[in-house]
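Paired with chain B in one complex and with chain C in the other, chain A is shared by the two complexes that follow.
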Partner chain A sequence: MNENLLHRIRGRLLKALHFVTLFIAMAIICVPGLWVVLNSFRPTVEIMAKPPVWVPGELNLDNYRAMFGAVGEGGVPVLQYFTNSLIISVTSTLIAILVGMAGGYAFARYRFKGKASIFIGLMLTRAVPGVSLSLPLFIVMAKTGLIDTHIGLILVYVALNVPFTIWLIDGFFRQVPVELAEAAEIDGCTRWQAFWKVEFPVARAGVASAGIFAFLTSWNEYALASQLTRSTFSKTMPVGLRDFTSEFTINWGGMCALAVLMIIPALILTFLVQKHLIAGLTFGGVKG
Partner chain B sequence: MAQVHLQKVVKKYGSLQVVHGIDLEIADNEFVVLVGPSGCGKSTTLRMIAGLEAISGGEIKIGERLVNDLPPRHRNISMVFQNYALYPHMTVRENLGFSLKIAKRPQQEIDKAVDEAAQILSLTEYMDRKPGALSGGQRQRVAMGRAIVRHPEVFLFDEPLSNLDAKLRTQMRTEIKKLHQKVKSTIVYVTHDQVEAMTLADRIVIMRDGYIEQVGTPLDVFETPANTFVATFIGSPPMNLLHGRVTGNEIAIDGGPAIGVPEPFTGKVQEGQKVILGFRADNLMPYGHAMPMESGCAEFDMTVNLSEPLGTETLLFGSLAGKEVQAKMLNPRPVADGERLQFRLDLARCHLFDADSQQALR
Partner chain C sequence: MSRFRPPPWLVLLLPAIIILTAVVMIPLLLSLYSSFTPYRLTRPETLYKWIGTFNYEKAMKSAHFWAAFGRTILLLTIALNLEMLMGLGLALLVNKVTYGQRALRTVMMFPMMFSPILVGFQFKFIFNDNVGLVNNALQSLGLSNVAIPWLVDGQLAFTAILVAEMWSSTSVFAILILAGLFAVPRDPIEAAKVDGCTPWQSFRHITLPYIMPFIYIALAIRSLDVARAYDIVQIMTNGGPARRTELLWTLIGRTGYVDAKMGYANAMGYISIFLAIFFTIYFFRKLNAARSELGMAG
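On to the complex of A and B.
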């Protein structure tokens, strides 16, 4: 047989193998999510069936209907939870991004006393498991009357996210050459203009990705929210999932339906910002 | 249009002083090149003129204005950076017009100025591209265009050509020279490349370790270097330097031949003085392959270790008194390594430096 043909066949085989491996990996990553989506459309009997029913016998919207229904009949104040989640996540993300930009820029551009130790200190706060803070946080919040308020959770999430946004944004600003701002200053900008007209747009991708991470952290956080919220006034969606558990039963279908509602905004947001992430830092302004 | 005036300018980073009180007068429309080895403080000096670096002492004036504490935007200068620093998120057109837009000039005026600059630098085809889609040479031109659009009083260049390949560098060098003729204005240009300095400058400022070693026209610094540093830094190949001692009316090269004290220096050296004799390869040539030497010449034998044919001439590497010495051969013939030739040294073209101070004897 001809040598070239052999190599061609080998190439094709390798390619196919690649594809299969990737497919399996992706499947493993996606299956739990898809299972949740699938279960949200299935009756409880089928969800609980053993051995599992892989191919759904019937799909319906019963779980969704019940969730939006009256409270007594398995209904949950979904809209209220959604609004709470949205207000808390968006506000805390905005604040975390603003603080992260100020801090990240300072770390990337300026030298000051104790820079390294402050930076390490910030990172160390991430090493403390969040839950271990729940009791002290609870006490502080209770004393200041911030239990069961939006502001209470917003403050907690800002504190949770700021070290991370600073770290991420610092990394992006470090990649923006100092000369860009200097050139802008020579072109007539003030320091402030140079930042907003040149450095910020160039590092926008970084700020956007920090924003996504901060938002998702706040959106999905459960442990602290479950301690610091009491009522529909401030409960977020992850905490709302617990409404489906009662003393002896768990309404898995309802839980899955709410989980799907939770996933959707996160997906949409990621899609919207994804463009910026992929575009990455549009370099070429400077010769590397 | 403006002159630039530096008086006792000092730069310190904490306790580390990197520029030691330099004085420099740059005339209106003059093209001045700061040249020196890497780390000697050229960029720092330029950035102090630009206002990007605070000055730790002394005075800087642009025109008649003291600018010591003015921010860059109030100095009416433009700067071209080594890495170009183009705004990556803007098109070429936006890059060029940025300064005028910031100054809130009418759109019509901006368009006119941008088109004019694009014309001068032949950038018209690329106006809607982002810098990322340009070649190195094109980026370089955009950077220059951005500088000329605002008609500044002073242009500052910080090694603008060092990221280009050799051919493009020569080409852009010519363009910068032409640009200076077209848009008359004062230029301060930093480079570590002495060829660039020689070809571009009206006056060269040679720096070392935060001091100015010599200021002069390219020919000045080539023909009458103030000290051994300038002598070896300017000119290629570098000037040959041989240590010796004055005995009678001769200089005894340490471990080598004795050579008559060159005429310009008779009476300026003392008996027993330690000196350094300097001469360029162009003034040391093998017998029969040399230029006519008008006044006196010294003759001695030297073994050639290596020869580099360059076509019209051949560069010869020999060793004299244990030091490598470079010579040139006109109308070259092949030279075998190890061949011993008789050389003639043009005494009128020799330089003499005091061995202790390294300064030229005049």
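On to the complex of A and C.
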């Protein structure tokens, strides 16, 4: 009887401990993000208050109004940055997906000599640190006049994303049985038709998640963009964040508002594909 | 009259190869060449002067370079290990949850959506010595009555950067390891329980071998873009104060763009590239080993 009770108490304690630890971990994950969102609705005085204001006194949309009206401190052209980011991210993602689909299909369906080393070679191009790559790219682009243009950054982001999209899409095509395409070919499809009508629809979700991964990479990239863009004509939002800093002060409210604008599309897209994304990375890795 | 027809796989891979050659390989060759010249952005003619391995020798003799190099390795080692352990812990915690697990998984992905530069700004504010969240919390709780100079003191700034880096990347590990935990078969664990294994033993000898490949996938993915830490460091301290948090990447960036010594910066850049390649190949090899082990097990 006594032993039973002890056992039950121990079980309860462990359960409580589990709950508390999990709660703390989740709080650590959430708080910094929520703080940003909260600050975007507060006046700078309250953000910088000492002693701190934990419970917000007044919430308003001033920071957002200043941001979109471009009349805030420094008048940061946020809408222009948003458009730049959108054009660059979407275009580079589309191209990266097409190139990645071709490459991923090649790795998933064909056997050829040096396959493993070509694969590693492609991956290694991704491992080159952004700063180290930005130095020669800066020289090349300055010479070819691609600096400070959308096209320049789009090209860079395609190259940045292709290795990863190949990896992800390769994993998804592997899951599609070869017999499906073969059956379609026996029924009179060409290889091209078999791909678009049979294999592609099965792996579509995977391709979409690879696309979103690529989109997020371009959307959030900073090291290269900060050197390859100069003016409002091509600056993306991560680079634009720096406009809110001046030599000694930082306009936290305005910056947080821009940050929220950056996070929202990322948030929506990630929720849409989270399941496929995990499946893609793990299948690509384990069954390779 | 037989025309050469390339194999289909080559045709399919060609676009990827072309774009990677144009945007990555050619600039890297240029950078390799210019690392043997005293090239300065402000004086283009210096690109054609060959000085051999002078830049590399200069880097090898520079105390700043070695300090940054050592610090980078230290940061990567500590960060990757801690991220892996915390990710494993988090994954195990979430795996035990039976109700609302989907929601928790979604919350776990939260930091992945944050741009590294945003993480930098965020933690710059959080660790601000005057109005930052950390100092405010410590003072409100009465744990400390002085403002701790988080980003001014070298050691503390390193810790602050480490925390920011871990916040942004632990979830990658947690999510992939969680996917691995789902794939662990139940039967061996139950059999072990019947045979009288302690929870620790069954974790150590059954669960861990199964999730090892997933841990290596996470490490391989992370090793592909460890240099993302550059964004965080650049915003939080920019290598300062007085080079006390200088990493290889901030040193390269400053030498190249601020001092305009492109040749020298490219030489150091090449060293950082080899470092990255070393990490990547190491983890991909580990991944292959773990994978073949699992192939035998399954």
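By definition in this document, the second predicted complex is superposed on the first by the 236 of 288 C-alpha atoms of A that agree within 3 Å, B and C clash if a C-alpha of one lies under 4 Å from a C-alpha of the other, contacts with A are read in each partner's own complex, and residues count from 1 in each chain.
What we mean here is this: a contact is a pair of C-beta atoms (placed from the backbone, for glycine too) under 8 Å apart; a residue touches a chain by one contact, two chains touch by 3 or more.
Treat the numbers as computed from the prediction; the structure is a model and nothing was measured.
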More chain A residues in contact - chain B or chain C: C
Contacts of A:Leu241 with chain B and chain C, given as first, second, both or neither: second
First (chain B), second (chain C), both or neither touched by A:Leu86: neither
Touched partner set for A:Val156, first chain B, second chain C, both or neither: second
Chain B versus chain C as contact partner of A:Val202, first or second or both or neither: first
First, second, both or neither for A:Pro177, with chain B first and chain C second: first
Partner chain in contact with A:Cys189 - chain B first, chain C second, else both or neither: first
On chain A, positions contacted by chain B and by chain C: 281-282, 285-286, 288
Residue numbers on chain A that touch chain C, as the complex places them: 18, 21-22, 25-26, 28-33, 35-36, 47-52, 54, 98-100, 102-103, 105-106, 109-110, 112, 118, 120, 122-140, 155-156, 158-159, 162-164, 166, 216, 219-223, 227, 238, 241, 250, 252, 255, 259, 262-263, 266-267, 270-271, 274, 278-279, 281-282, 285-286, 288
Footprint of chain A on chain C - complex, ascending: 7-10, 12-13, 15-16, 19-20, 22-28, 30-31, 34, 41, 89-90, 93-94, 96-97, 104-119, 121-123, 125-126, 130-131, 133, 136, 139-140, 167, 171, 175-176, 178-180, 183, 213-214, 216-217, 220-221, 223-225, 227-228, 230-231, 249-250, 252-253, 256-257, 262, 265-266, 269-270, 272-273, 276-277, 279-281, 284, 287, 291, 294
Touching residues (chain side chain B, partner chain A) in the complex: 50-52, 71-73, 77-79, 81, 83-89, 98-99, 102-103, 130-134, 136, 139, 146, 150, 163
Of chain A, residues touching chain B in the complex: 177, 179-180, 182-190, 193, 197-198, 201-202, 281-288
